[in-house]
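In this document, chain identifiers A, B, C, D and E correspond to the written order of the chains, with residue numbering beginning at 1 in each.
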Amino acid sequence: MSKRIDVKDLDIYYGDFLAVKGVSMTIEPRTVTAFIGPSGCGKSTFLRTLNRMHEVIPGARVEGEVLIDGKNLYGKNVDPVDVRRQVGMVFQRPNPFPTMSIKENVLAGVRLNARRISSKAADELTERALRGANLWNEVKDRLDKPGSGLSGGQQQRLCIARAIAIQPEVILMDEPCSALDPISTLAIEDLINDLKSDYTVVIVTHNMQQAARVSDKTGFFNLKATGQPGQLVEFDTTQTIFNNPSQKATEDYISGRFG
Amino acid sequence: MSTLTTPPTGTQDPPRPSRLEDVDGVVLSRVRPTTNRPALLLAGVAVVVALVLRLALDVHVALALVLAFVVYLVSVYAVYRTLGGPRVAVDQVLRALIYFAFVCAIVPLASLLWTVVSEGAARAFNPSFLNQTMNGVTGLHDQDYVEGTGPFVGGAYHAIVGTLVITGLATLISVPIGLFTSIYIVEYGAKSRLARWIRFFVDVMTGIPSIVAGLFAFALFVQIFGPRDAKMGIAGAVALSVLMIPTVVRNSEEMLRIVPNELREAALALGVPKWRTIAKVVLPTAASGLASGITLAIARVIGETAPLLVAVGYARALNLDALAGPMNTLAVYAYSMFTKPLSPAVRDPSLERAWAAALLLVLIVVALNLLARLIATIFAPKSGR
Amino acid sequence: MNAPATSSPRTRGSAVRRPGDVLFGGASLGSAVLILLVLAGVAVFLVLEALPALTAPGEDITGGRGLWAYIWPMVFGTVVASVIAMVIATPIAIGIALFVSHYAPRRLGRAVGFVIDLLAAVPSVVFGMWGMAVFAPRLGPLYAWLEANLGWIPLFADASASGRTLLTASIVLAVMILPIITSVSREVFLQTPRLHEEAALALGATKWEMIRTAVIPFGMPGVIGGTMLGLGRALGETMAVAIILSPGAFTWNLIGSGNVTIPAEIALNFPEASGLRLSELIAAGLVLFVITLAVNLFARWIVDRRAAFSGAN
Amino acid sequence: ACGNDNPTAGLTAGAAEAGDLTGDVKASGASSQESAMTAWIAGYQKVQPGVTVQYDSIGSGGGRENLIAGATDFAGSDAYLDEEERQKVTEVCGPQGAIHLPVYISPVAIPYNLEGVDRLNLRPEVLAQIFDQQITSWDDPAIVADNPDADLPALDITVVNRSDDSGTTENFTEYLHEVAPEAWPHEPGKSWPVSGGEAAAQTTGVVDVVTRTPGAIGYADASAVTGQAAAIGVGEEFVEFSPEAAAKVVDASEPADTGVEGDLALELARDTTESGAYPIVLVSYHIACSAYDDPERAAAVKDFLSYVVSEEGQDVAARAAGSAPISADLREQALSLVDTISGDGR
Amino acid sequence: MSKRIDVKDLDIYYGDFLAVKGVSMTIEPRTVTAFIGPSGCGKSTFLRTLNRMHEVIPGARVEGEVLIDGKNLYGKNVDPVDVRRQVGMVFQRPNPFPTMSIKENVLAGVRLNARRISSKAADELTERALRGANLWNEVKDRLDKPGSGLSGGQQQRLCIARAIAIQPEVILMDEPCSALDPISTLAIEDLINDLKSDYTVVIVTHNMQQAARVSDKTGFFNLKATGQPGQLVEFDTTQTIFNNPSQKATEDYISGRFG
């Protein structure tokens, strides 16, 4: 059920601006892959190409292939809607729907994708997703209040709950813990570990410990120079990247800082 | 929250179904990939249906189009339901409805604009029409013109000037009042009772019939200037303001409201006083919407006739003084040329003038719109759509 | 923002206010209050001028059966015309706004938005002339068809050959208010936060589902605002209706001559009116004012606007 | 400003000696006079460039109200002042009250739209029944009886009336009321009393609808009617409208008693049987004060009104607006009536 | 220039909801103070009361006293605008002004207050602030481009630059590094260390290493239970908090997680 992702020589553009260049990698099913790299090097941009969210930005486009279980995401016969259902996403900035209650927020994706949903199933799914995101205890008494009245970290966990509620096959997370406290972060990391047994997980993080803790493979993105496109400098097992990187740039980045 | 006692994810849960479709009570609705080829094909079919209905069966055009569209909707729904599932079908149907809404609107609008342009273009760009007034022009001149014994005399210069003066004054009155009111509603009065009431009464104000606004302004100016000298440009501007203010307030309110709070907070946290925050951050961020709203409000009143006839009167000659005597405006000019031709027997020259005046009015608004857009792009957020 | 909407006391920590704030806040409050004063002025004016008609004996009123008998058919006409106009214009306007903001290529969208804005500028007289000369005749055959096929419904009882009917006037009103509703809706739809749109898309929403989950809820208050503006115009429009409609006594029939709206009645008869007749007309204006008030109360009652869900955060 | 505020300057050669009066005259009232008034003002400007005349066509009722309120110097009106108004007007016009000058006479034509029917004879009863919607088809025997030669179709009659209150309607319904009281049961008035017809705003609206709708018939100020129009039964003959035919009715009419010596408010002889007279006419007056407080204003008003009733003034209006010039006889009376206006407030 | 802050028995409300209760503490001048605690416990809320940003939210209010150099912030004669000029703030979510270029964003505090500044001084100030926020190199070639075209981390650093450009006496930072990569984080931490010599700095962070690295004093906030108001559990030198906390809850929180 989890999926294997093959990226082949992917160039990513914003209009005429080449933001990321020549990425190739293979992400195995049932693994956690982390992307690290300095700010602005194109981690978010690359992540968004994996569920075709990139093309939502006017003028944005890609060249190259992304294969999920051998099927090109950008092929003729692929509906981005279907892609996005299978490849869920959590954004860098929490974005709960302001007009929906907490519960409705969690169920938003389910409601979109389901023709029918019994109220029992809805309750169950809500609870499971909120527990999964370690938010249940905090909000169980106010499920009908607007989602925008939560603290920043609570909002982010709400978004995670929303994304896992539809139980996608691949989950992309763009710095999911940057707004979280350690306890929630721990819970999310546990969740990621859980998910791994069924799903393919890809996260972007600035926290190298986090990358080291949760990921099986790590990709290091970097910019040659400002204004140059971002590139995948090195992609290997997390072990190798952190202990024995083959590239100087990776080593500098890793060792320069411990998080 | 007893922080550390929270157990990690759902260990106490029964084994979790790992697929949404495995959850009891959830019926998934999958999306299968589709292309837009069937839609195009069906659109072609619908066009054929429309043509057959219209040409072969002689059904009324509107009816033929509606029927063809219904055929299209039904078939698109059916086809995409089989190809891509119900969600894709609904998506396609709504897409069709939205495009149809667009076509629905464009047809009458294009017809209207075309009528104005084609009827008005011949006269509107004639320099003598643009710089002559109607002073001393009578039906005799029109008759001479139609018989070919005289030139075309009589233009809209005074009405153009009058339009600019009266609408300009109305704008000067309404925009500050309207903008400040919306600022009160959104920024100062947030959630206060007074703000709610004001918003309510502004809505009520949108329903004042224009002629009542004219009568009100006239009555007001009679109180000030006496009945003999009450008709003047500024009275018209006041009447138009009564009509314009609610539009400005309502529009601006909506535009201010969608400025994100975080920008306000960013400015306030820099030690910027509230009023400067509003003036320098909120208003510029909303500039595009505000400009288009104000243009809309101007457009709303620039074509008014009834209140101006009541409050300003009807001038045939040039009058630059908004504080004395009647003035003319393009809308009033067009109205009177339509309904009271100079020479009742020879209506054409008057009709030409009327359409030309209407076209000029539209052009003035085009210019205003462009100006508004220019202003908006100067202030508008530098990114996004 | 889930603070309960109570009127909890606000701490104004300080009495100190800067001159700029005092001026700006004062100007804002002043403008707001000025608007209330103007509205009160209009109301007082209407009541004073309508008073003779309100107190006159019934047989002196046009029609001879009292003021209410004179006015209610116009109320019917006004309400029906506005309702039809709103029913037609609102969905179409929202459709166009979505088309411009989310469906059309950017250039086309901008051009369309521009053209539609222009229409707000076409003087109502021109709408009237166009409606009478170009539009109404085209509808004549349609009305004949309606009478032939749906004539058993009282609304389509007797077709007008000229097409100058309440239904025609309503459709033209719909065209007239279209730019107003479209313009406001378009602006708010364009402002939908990217984040929310992307949130919906990332959950596997189709375009329409994205619009339904992110765009429309965010823009709803704005759309309602625009709709109220449009409704105001539909209720208050004078010249276009006066020219297009072939007015007459009350009838259920929407596709024949007959019925009139309050503003049209005022505009048509005001020039020759004096004394009590003028007063009657202004009384009709007063009734329209009250209708607007009622409609707004009703609208407020239905949609408690915004409530806790503000788009601004 | 760069505009040309005197666009007709080069067109009319050899204007008369320019006078030296100055002042401004304000007037308002009947819209029926609009075209004629435009012509009078333009013509008068050449005679007295120092006097500006301002006329707002706000309707007869408004014109009379403005005069009574002192907002204007004279009124244009399709009807003369009634008893109550004559009482009130003395407050601004001195004890003598106001005077009426019949300045604009115009036939009310009955335009119709029937292809191939070039002449349509309608006697008053038939006319009344048509407009009362008692006769609903063009091949009704009552119509055929008077039009044996016409090829009348079996077409529904569409009656087109004014949708706005108007002097034209008032004159037309007065005519029907007086001449065909049995066939026309309604009281005369400014608003059209019969429902169910097509209604259109203003004279031009009525003419428009009639021209556009086959089988339509209406009534409208003759100046705007250029197509088919019915001949009306007067006595034993049928008369088509013309300025001369209309003027004959006015000549046959008697002045009404307004309490002012020599006043020219007319009781129209609509039931005249005089040969060649066209009985449906609209007479529009200028109603001026018999005395003004300000001698200069009095002089200006007097001068302008004299111009209006003068041969030249009437001729200009006839050509520009298609009205019927008043007869020489009536003009004499009118001029001497104008002469009675005084400038000392008494 | 730096200021001492005394908080006395502060209760913070959103409407009727008591979010934070009974906080008392003293923040010494020329120190860095860090607040830690689980998500939703009121750290951001409390921070916002220190420059009267809290009252900007409709219905929000406080009870109690906040003294800056002995003067009550919430006293009768205090202008919140002056308070905010002295007490700068960086928010959890980056919020550059979308209508302004990068440079204008940096200068916003100056420009919006209509303070006059020569163009040379403006250039200098821009550079100094951007360097301070470790953003100068990345944006020096596009100072006239809109600020919203930057990556998330770049935007956050832009906001930091904007806040330090007005040279306040106290600087409040609400998780300033949560969107930053390690290199930028390091730069910001260095910056905080620099600032300390002149200013009083208060930061909220989820990163305990960060708290340990940069702060002199640490405050631990916690919720007794969900729905209860947040409270200041312990406030002491960072050393004590991390090595020898007096409260069980603090110890649990600290030891439960290292990063």
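By our rule, contacts are C-beta pairs under 8 Å (C-beta built on N, C-alpha and C of every residue); 3 or more make two chains touch, one makes a residue touch a chain.
Each chain and its UniProt protein: A, E = Phosphate ABC transporter ATP-binding protein (PhoT family); B = Phosphate transport system permease protein PstA; C = Phosphate transport system permease protein.
What you see is a predicted model; the values in this text were computed from it and never measured.
Asker: Spell out the chains that contact subunit A while also contacting subunit D.
Answerer: Touching subunit A as well as subunit D, we find B, C.
Asker: Of all the chains shown, whose C-alpha centre falls nearest the centre of every protein C-alpha atom combined?
Answerer: B
Asker: Top contact pair of chains, counted by C-beta pairs?
Answerer: B-C
Asker: Taking each chain's centre as the mean of its CA atoms, which one is most distant from subunit E?
Answerer: Farthest from subunit E by mean C-alpha position: D.
Asker: Report the inter-chain centroid distance for subunit C and subunit E in whole angstrom, where each centroid is the mean of the CA atoms.
Answerer: 48
Asker: How many Å are there between the centre of subunit B and the centre of subunit C, using C-alpha atoms for each centre?
Answerer: So the centroids are 12 Å from each other.
Asker: Could you work out how far the Cα centre of subunit D sits from that of subunit E, in whole Å?
Answerer: 83
Asker: Residues touching two or more other chains, restricted to subunit E: which are they?
Answerer: 38, 40, 58-59, 81, 93, 226, 253, 256
Asker: Check each residue of subunit B and list the ones that touch at least two other chains.
Answerer: Expected reply: 1, 3-4, 31, 87-88, 191, 260, 262, 273-274, 276, 310, 338, 384-385.
Asker: I need the residues of subunit C touching at least two other chains; which ones are they?
Answerer: Counting only residues that touch two or more other chains, subunit C contributes 1, 3, 18, 106, 193, 204, 206, 209, 218, 270, 310-311, 313.
Asker: Which residues of subunit E touch subunit A in their complex?
Answerer: Counting only subunit E, the residues touching subunit A are 36-40, 44, 92-93, 137-138, 141, 150-154, 157, 175, 178-186, 206-209, 226-227, 253, 256-257, 259.
Asker: Using the touch definition from the top, list the residues of subunit D that touch subunit C in their complex.
Answerer: 31, 57-62, 64-65, 158, 163-167, 190-191, 195-201, 205, 208-209, 212-213
Asker: Which part of subunit B faces subunit E closely enough to touch in the complex?
Answerer: Touching subunit E from subunit B are residues 1-4, 190-191, 260, 262-274, 276-277, 280-281, 284-285, 287, 379-384.
Asker: Quick check on the complex: what are the subunit B residues that touch subunit D?
Answerer: Per the stated touch rule, the residues are 128, 131-141, 143, 150-151, 153-155, 157-158, 161, 227-228, 230-231, 309-310, 313-318, 320, 325-326, 338-345, 347.
Asker: Show me the residue ranges of subunit B that touch subunit A in the complex, using the header's touch definition.
Answerer: 1, 3-4, 6, 8-10, 13, 16, 18-20, 23-35, 84, 86-88, 385
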